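In the two assemblies presented below, chain A is common to both, partnered first by chain B and then by chain C.
After this line comes the complex of A and B, so read on.
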């Protein structure tokens, strides 16, 4: 009695396992993910067109202004400028995602790193190249330490990283504001209302790639980060383990991977990258810490990571898109189009990506279920005949 | 049936998503926007007012206003700047374009955009424009710039600074005179030097009337926490607690958050003091008007208007323009007539400040 049932169950399991998921082939998967991101962008454009139309704004003019801006040199440079921190923060978020960690704390990690770098960078005297490297290292270490707290709490105490990173964001904001205000503000600058830390010596300034319109050298750092992210996750043993334990912790543990260790390491890396997010502003632009420096970039990285499907190439495109939308938003305002439309568009894009990915996954699961169910019926029928 | 249900569900999700996205944005930009901005985004926060004064003679100059994140619709600071721009449009016939920053980088980009657009006079609203304006003003020496609340040392930048501590001194004195009590409160937005100026003046003014008065002080957020400017719930919670604890008057210098103090004042039947704009007039709500004792007026509108006017009249020089009590750049509102019996005394104090007989501290 049990024998045939066991056999059929076994067969069933095999069927489920052997049915290829949609997009399980490498190129197929790439096609599906990029198509869903592209589709999300179109959905957002369509919804925003309707929104503009409903609110009596000229949506044709809005889009022609928006896409017309692509041809402008200044907008293009500005796009790259604005995409730079997005590349880095999206990479930071994506490293977490690969380990199934949702690091919402990039913003706080960035903030801690900004102040630490501004203070440490201004305190030492080094030759130019070394000084820049020193600052980048301080930023990564500070970000990693702050991100590491969430990793530690997760591994040792089982605290959900979403909750701990949100809380750590609040703590970072207050802690940095307090430390800045009480210890590190530049008292010699008494005239200006805008309070800053002591200025970084020019040896610590990130050189510009192009002077006018400005294109900062941090772009190179950002591109290197994306490249290293790709190499680390897809080309190393560590990356394989990371993806394995992110995908199926139980299975990974069975093959000897220590999930706690993986969590700790990925939070450290994520935090280290987060530390670099604000550097284009700090080292390339303002050359001192001030309040609101680089604000929101840590959160924007989440959007860019989601639209980029957590892949470096995707992040490259989505970062450019978000940078472009942001760079072109001023043009829209000149044409009497509310600036909010750009942020709404970005919001809908991300939402649409999440929904579309969810739909694809569910549709996929259901297809496999159906196939299995059909087979089960066949088996049952065969048994009944016997 | 099933299909329509599914459609309904999708529509619901989509619309929820829209709302969520919209709210999310608002929060990002304004750090928790006030009720008023969310209810009427069309008329307040959005868009540029490229109004051409069609009944007015057109001035042959054009202007631009660059708002910080937040922008119009806060009921106080930015709206006050907006009023100044509107007056320039109406009275001088200047074509004024407004741009509002979404993110950090927008400030410089927007100034540049206005400059490239050939605007003759460009005003940046808020001290966060200090560095961007320093950079852009140097590149466009033929354009006159104005910056509110900060000093940019350039020949073509008019730095529009205010003596907020002096105005706050007067409303502090008014609070102590009116309530005759021994406990008042101050709620600040971000704990930054600019807002501490308000606190310092207010406390000094109250103590000038009643040396034994206690001034409770709380800030809604640390420096850098943008939500402090739109934290209506937070201000209300603090205010309600203080009112229950015997505080009779609360002065709130926290942008849109002040609406929370007014709500708490209405519920407690106690006094609130507005900031920047005459909030008795801008609230337009009888319940609120019953509790708004006065407002510390910071005439950003005057500063912005005067900048446009000067350029329209050919004065393109930069320099520091101080708006203090002596030029009515700051002051106190008398709408509601709650201060009638104290006007003489307040005017006397005002004159003493102008004459230098009273020195108002700028830091607590």
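After this line comes the complex of A and C, so read on.
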């Protein structure tokens, strides 16, 4: 290439580099997505206020009681405690979303992992740190294997993962209940009517960060999961290929990315994370498997992931919100307001966020197109002057 | 004759803006009754927007629409159809699993009071219409069994069946081979003789000059001239359209090299369904360094499969693919790309871009392992962005910056970005499938220049194109594919569009 051309190229490159970026850049897009989540929360609050009002409950009192609880230390610790599994489960769902997979099976993957970890953890003798690591590894492997079934079916047989994970949830539930009842129940470790498996040795217990009010060490695991999720998806080549396959499978395929392999890997990772969801209860609290352990956390993770816009930072906030709502809901009963209003609220939040996202996204795309066109005109005008 | 009845359609002062784009302004169009009126303009000049306005698919911001002397406001195509306007879209909208007759009456079925179809009535009417355009085929054939030209005829019949007296044809010849084009023109001339008005949108100047009575030129959103074929020739009409000189794809000074960069030998690829005939049969060709080998053919005759097989995206039944002297028949796609193979895909939206991702991620796609852009498993974002700015600058992508998502760019700029990405990995062999499809003349010239420069520097190019002018102008050799086989080897210096057309339709085949 000749000299003047090189120079002019360099100049042009610099001009492009120096044009303002925030305009149509990622920060503004982030602001827009955050705004749609916030808006969804307000819509849900408004609808629930109407529900309370038509059922003759004092909605002002309800909300002041609910959000007044934010000052109570006990509620705050409980919020973190309840948010812990939600962080992990939302990360599990989100990594699927990045590959365009909707893993509804976190609940089942979690359940399989719970029993597997309770049984394997109680069967071995290991020093404290190793034993905890062993249990986490078993949980991840068990969850990955169960999630992997859906991945395998999708790659080999083209079975839609939504259908297969829902079905696998039912199978997991029944299979685990049967295995637990027939093989792993331990009568000696039974309080009242609650049947449990053999208790985990204390070396496998997840240490608490704070004793009273209780804050389990699994929170650290959850935060590490969110951090790793962020690094993996946004900072690595693998994550780029994953997002590329999810964004446009055809384009990724043309660059040599094997879509089937990506589906399998993301289902395995998603399942492995799902396996960790129940661990704060199993290893940090009950120390044995029982039937209601971690119930619904797999499904709640879907809501948290959607409200958190499938991004680790968003998941952090939405997990805290959902954790807080359920931690504070007990307060409502004292005021004779059914605490189920919180469950309804969570449901409406999810519906609202899905609808609002759809609308806002279209608006945002038009906004970006308009903005890009306007900036181009400015650029052309500037060039004409020069 | 009064003015009201002299013109079938009068559009006055039509303007239509979309966010950030003024698609049409000050449009002035007068279409005489029972004539063929061509509307020509570059891609993106605003032809389609204008026709959508006339067909009621959107409402103009300003201006008036007068049909047969009566001013109309079309809220939807239904209103336009009621006023006797019918539109045949570029992409056919037919149900494959219904017969011709069923497709034609779909949505407007003649039925008795009790809802029983009166097919005989429809059949008689359809036969009458077929006579009027001079089409002859069995109305009970499944549409799936029809060729492209016949399907188009069905689309036209469908519109006429609904009583259209003004027919809009949106780039009707884009999908046809020359012989089919002649048939189509014969049909519409017959229609016009019977009093129908045809508005014919095209950017193929030869056709426009051959068939139309009047021509209106649209440039950058507005009508710049109305003329007749008698007053202009190809060159002057082209200059009206572009506003400057037409780009010319031809010309080369360097010699074709002797090194064989890509060799495909005896390649067979299985058909889509088990037991179906082969999608590719005995494909053999070589691409040398500094050579452009063009592949002509009607879409769907195996060009896509050839690309997929060379890239390793589809399994090969028999034969070999050799890239730079290495047998790559069983190699993984990534390995092939790593040896210096690049691919400008058929459809930038389906295979080329992450529409929702910023441009710097798009210029990085497929180049994840290129040194400097990543380190170990991690991405180097600053480097990726800097690299993206270079691609944008070098290939003249019109964009405010590299952070804009790809969907915000116009089609031509998206295509330039894809071409830029594929060229910036410094390929030795380039598979370019329709590298300039659907983009404006300026961008087309820029892309041709880039390909020509790289070729002069030793790049081997396999060019797949539907633009015969591009093929003849750029290629050193032209292969014609028909029905999964190479049926002709032509010299671009002696090949004419008509000759290519004969091979493309399978009318002529070289003895193998």
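The rule is simple: the second predicted complex is superposed on the first by the 331 of 386 C-alpha atoms of A that agree within 3 Å, B and C clash if a C-alpha of one lies under 4 Å from a C-alpha of the other, contacts with A are read in each partner's own complex, and residues count from 1 in each chain.
What we mean here is this: a residue touches a chain if its C-beta (ideal position, glycine included) is under 8 Å from a C-beta of that chain, and two chains touch if they have at least 3 such contacts.
Source: prediction; values computed, not measured.
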item	value
Chain B versus chain C as contact partner of A:370, first or second or both or neither	second
Touched partner set for A:129, first chain B, second chain C, both or neither	neither
First (chain B), second (chain C), both or neither touched by A:359	neither
Partner chain in contact with A:31 - chain B first, chain C second, else both or neither	neither
Intersection of the chain A residues that touch chain B with those that touch chain C	none
Of all residues in chain C, those that touch chain A in their complex	19-21, 311-313, 332-334, 336-337, 343, 345, 347, 350-358, 361, 364-366, 368-369, 374, 377-379, 386, 389-390, 392-394, 398-405, 407-409
Complex contacts: residues of chain A adjacent to chain C	9, 12-13, 16-17, 19-21, 23-26, 235-238, 240-241, 243-244, 247-248, 250-256, 365-366, 368-376, 379
Contact set on chain B toward chain A in their complex	13-14, 17-18, 20-22, 24-26, 28-29, 41-42, 45-48, 50, 97-100, 102-106, 109-110, 112-113, 117, 127-128, 130-131, 149-151, 161, 190-194, 222-226
Parts of chain A lying in touch with chain B, wherever the complex brings them together	47, 51, 55, 74, 78, 81-82, 173-174, 176-178, 180-181, 191-195, 281, 286, 291-297, 299, 326-327, 329-331, 333-334, 336-340, 342-344, 347-348, 351, 355
